[in-house]
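Two complexes, one shared chain (chain A), two partners (chain B, chain C).
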Partner chain A sequence: MKVLAWAKDEEIRAKGSSGGFVTAAMIAALEKGLVDEVVLVKKKNAYEGVPITTNNVEVVKECIGSMHFVPLNLSYFIKSGVKTALPTKPCDARAIIERAKRNQFNIDDVYMVGLNCGGTFNPVLAREVVLSFFEIEPETVIKEEILKGKLIIESKEGKKSVKIDEIEEEGYGRRNACKICDVNIPHMADLACGNWGVLNEKATFVEVFTDKGKEFFENAVDAGYVEFREAKKEEIEIREKIDKAMIKLAKKWREKLDEINDLDRRERLDYYIRMFEKCIGCNACKEVCPPCVCEEAKCVSMNDEMAGYKIPLYNLVRLLHLMDSCIGCGQCEDVCPVDIPLTLIHKRFSERILRKLDYIPGIDMRTPPFQETKILFD
Partner chain B sequence: MGGNMTDIKILAFCCNWCSYAGADGAGLERRQMPATLRIIRVMCSGRIDPIFALMGFLEGADGVMVTGCHIGDCHYIDGNYKTKNRYEFLKELVDELGLEPERLRLEWISATEGSIFAQVVKEMTEQVEKLGKSPLRRGFER
Partner chain C sequence: MIFGDVKGDSMIESVCIGCSIGCSLYVGDRIFHRKNAPHNEGKLCKFGMDLLKYYSREKAECKVDGKNVELNEAINEAKKRLEGYSGDEILFLTSCTATNEELAALKLLAEKFDAKCCFYGYGNALFSLKDIENFGRVILTFDPFVSYPLVARRVLKVKEVYEVGFVDGRVNSIILNPENPNFDDALALLDENTIALAEYSPLSTVYTPFLKEVVKSNAKAIVFNPTLNANFAAMLGFESFENKIDFDKVKAIYALEPELINGAIPSPELLIVQSAFSNGWCDKADVVIQSDSFHQKRGSVVNAEGRILINNGKSEQGVEILEKIGGFEQTASKVLETLNVNTIKEFSTVEITEEFREKEFKLKGEGKYYLTTKSNPFLWKGIDHKNFVELSVEDVKELGLSRTDRIKIGDKELCYKPSNIQKGYIVSEILISQLKGLTRVDISNLHY
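Here is the complex of A and B:
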């Protein structure tokens, strides 16, 4: 089911980044008792947001609007046994599925309201972008928006827009994980919302994938919070075109960013030794990693900093464990204090074996191959 | 026969029921084997975490062998099915990491196959001698 939907409430519709459908539907779900609570990001300023769980409709209204400068992952905040709805970028949705596979909660309790995502920005670098490309004082930014490949920044002095391609040519722009991400429409979520395919209208393009998604959508319509109309053929085509273009761009970035590809075997080993030599063992990458759910983690308990190994066991264990579970969200790289390009490294390690297995983590509930008890290889 | 470069080390994980008995058989039959071999006995090859092999490399092994019962013969029914899957992960990891894949070997050896065990160790030693010491050894400088 593909429709264009918008919030009936004029205020929500005007404030929302594309018609306010997500906010209105969340409110409807809370009021009608479809869910017990929602997980949202509360805006502090353009660069900072705090994840909150709430069942207060007023708080939901405050959390309206998109936040491209806050690369959070919300999957940790789902409690077991609590019916939850939350907005999910593709990486959030994949994280939720991987965590559900590892028995952190029941997937049937979670309503994944997918958001189409073309990428998020690192908040520190975003400030630099705002200052150097837009010549706006970073702290005066009121609203930010991405539309048709342009980053639009709104401050007191008015609106300004710059093409994202221009920014990225200078080495700034989206996070590396987002640049190489080829899942832009979260087809593993219950429904996918976004402004791709919407032409000069305050509305959200909604695609419903599952029965749960249908339930969520119909609940919002029945409660009178949301109005909708069928999507036109031309709108669907535009959306598909954007998606294809984004996937193509991701492939381009994947080759461009990969500095290991040209190295021979021994140089590659040297590269990895050099990279992991930098590791200070802070365990931050493990703490933020969505699919990593171990309470007493092997990577930490097996590691011995005094052993004098060429590559710390901590990193090797993580490399191994993420071979069949890395969802490419880039949280690890965001928090790494010594800037190891972890997203790409994990991608390189998992790519080939996953292709062999025809398995993609976080797409469906298939058992992770490493835990499989039947032979998967011939 | 290989094994002249005595400082090459091959680490073998042997399962208690098949390949360890196979190694024992090789000795009973007085078969010649290079002295490069170090055996770690595990109850089942399914116990072998790929990390054990990696740790072996870091601790100074130049080659690692994973051995177990033939598929279908596992004492614990399906232990070696898991070994097979995990070994594939290990192989990919070692390959991507920049070690030669020839430093690794998975072999199914039953309790009566002493001759095969000796042969495999010989082959493995020759293979690894060609590659030289592992660059993951402590203090390895190229």
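Here is the complex of A and C:
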């Protein structure tokens, strides 16, 4: 099912980044009792938002609009036994699936309202981009959006746009995890929403993937919060074209960012030692890692500075554990106090074996292959 | 319409109290990274990640002469007992793990008694952490991977890095002879393209002559403190107590969050302690006034960069206690006046330069090895999270130590780790004794 949908409420439709479907459908889900609460990001300013759980529709209305400068993962905020709806970028949806596999909650209780995603920006670097590429005082930004490969910044002085390619060639732009991410339409969510394929109207292109997605969509329509029409062939084709272009771009960045592709084995080992000897053992990468749910984790208990290994056992254990679980969200790299390029390192470690095993983490509820092997031996 | 809790609102925008960098973060049921903060970009060190454990320690209790009392009674008793003291007889001191507002209130209170306000630290803020990346050379007097880890990522982007005193495989090192710590090698590197990153702490005594030379040279410096808000204390004109104060002459002390102040706790005829957590100072105090822990407070701080940071808790109790005792209400205006601003704008910066204070340094002990301490927030907060010291590979061989052996330094049994450090040194992240700076000790092999 592929439709163009929009909020019936004119204010929500105008404020939403693409017709306000997501906000209207969330309100409908709360009011009709489809969910107990929603997880959203409450905006503080263009660069900062706080994850909240709420069942207050007025609060939902305050959380309207996209936030490309707020790179959060919302999966930690879902509670077991609570029917929850939340907007999910592909990495949120993949995180939710991996956490559900690890019994953090029942996936049937979660409505994943997918958001097409071309990437998010580090907020501190985003301020620099706004100042140097747009010549706008960062604090005056009212709204930002990404449209047709351009970053659009709206301030008191009006709207300005700059091609994202231009920004990224200068070493700024999206987070590295986003640059190399090739999952832009969250087809693992219950439905996917976005402005790709929408031509000249204030509407959301919605694709429904699951029965839960259908239920969520129909609830919004039946409650009178949302209107829709079938998507046209041209609109569907444009959306697919954008997706393919983003996947191609991700491949280009994957090669460009890889510092060690041309190195021999010994040099690669030296590279890993150089990267991991910086580790200060703060465990932040583990704490923010969506698939890492162990409370008394082996990797942490093995993080013994006395050991004096060139690569701490903590990092080695994590490299192995994440080979079939890393969803590439980049939260670990965001919080690493010594800037270890963890997203790319984990990707290097996992991609060859996952290709062989024909498995992608966070795409479906299949047991991760290494855990499957463990179950066989148990 | 359904109304409900907005549960995320329980997350407080806060500031880590681990050191003078003051990393911004959210404190709630868990620590949440605040990626929008320009100084730490959401990144935290091990202490920041463990901050909830620090806040879950035993709270101080309001007491008068050892007996539990209500808060108001403790405040009234403090007010009553302070009457009659003035000038040099009474001292107001703090470790600066307090908000700007609390420090301003402490200053106003001290003024009521015509008394001195003292702190531990050194005020200096002219550069941001990001500025470090723009220098061609960095000279460090601490190990950035241990002491102020948020500095490490900036240092790693600089071409030439020198560390004074320690040997570290990751950076160039300038070794000192502790018997004669002249800094000729390090001083030769000081030019306008150089920034020195130094620590001003009770354990960094040996490096202060070097820091003095840096201040006089064309090189630039950022000085970090183990206490959060030393910069605002310096702006308020607090005096340093490490060299100048003769505790024997002081009859009364009012101590605001004093637990990071190293060394023996003084025993004047009146000791009043305002503290969130139970500690040795509370045990000795005549009056203990319990206040809320830092993350619960509403207020601001000034970090090592001179950046104004906001702690967005709800409690103003710390200030109210001081205002009640002093009978004044001008704290807010004192803060604005000191910062020279009309309103407090988060992340904006102020410049601070304090006249440099050199400290006395003396080697102590007779042993064969120089014991040097690498500081970290766990150490300052009285939580030794390490149980080992580092020894050079040569010393490990000379002592005949095998992997499972333990060693003894003074009366303390410890594990050891062979490290890339200079022979004859022991590098510790544990407060082995109350001795300050480098000292001389012996090691015995316990042969387990």
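Here is the rule we use: the second predicted complex is superposed on the first by the 372 of 378 C-alpha atoms of A that agree within 3 Å, B and C clash if a C-alpha of one lies under 4 Å from a C-alpha of the other, contacts with A are read in each partner's own complex, and residues count from 1 in each chain.
Heads up, the rule we're going with is that contacts are C-beta pairs under 8 Å (C-beta built on N, C-alpha and C of every residue); 3 or more make two chains touch, one makes a residue touch a chain.
Given the structure is predicted, the values throughout are model-derived calculations rather than measurements.
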First, second, both or neither for A:Gly308, with chain B first and chain C second
both
Quick one: is A:Glu48 in contact with chain B, with chain C, with both, or with neither? Answer first, second, both or neither.
second
In the overlaid three-chain picture, which partner chain does A:Gly81 touch, first (chain B) or second (chain C), both, or neither?
neither
Does the superposition put A:Gly158 against chain B (first), chain C (second), both, or neither?
neither
In the superposed arrangement, which partner chain does A:Leu316 touch: chain B (first), chain C (second), both, or neither?
first
Using the superposition on chain A described above, determine whether A:Val335 touches chain B (first), chain C (second), both, or neither.
second
Touching A:Gly171 in the superposition: chain B (first), chain C (second), both, neither?
neither
Touching chain B and also chain C: which chain A residues?
308
Note which residues of chain A are touching chain C in the complex, please.
30-31, 37, 42, 44-45, 47-48, 50-59, 70-71, 77, 122-124, 127, 277-278, 280-284, 287-288, 305-306, 308, 334-339
For the chain C and chain A complex, residues of the former touching the latter:
1-9, 11, 26, 30-38, 40-46, 48-49, 145-146, 149-150, 152-153, 156, 169-170, 386, 388, 415, 417-419
Using the touch definition up top, name the residues of chain A that touch chain B in the complex.
265-272, 298, 302, 307-311, 313, 316-317, 319-320, 323-324, 348-349, 352-353, 356, 369-370, 372-377
Report the residues of chain B in contact with chain A in the complex, numbered from low to high.
50-51, 54-55, 58, 71, 78, 81-82, 84-86, 88-90, 92-93, 96-100, 135-138, 140, 142
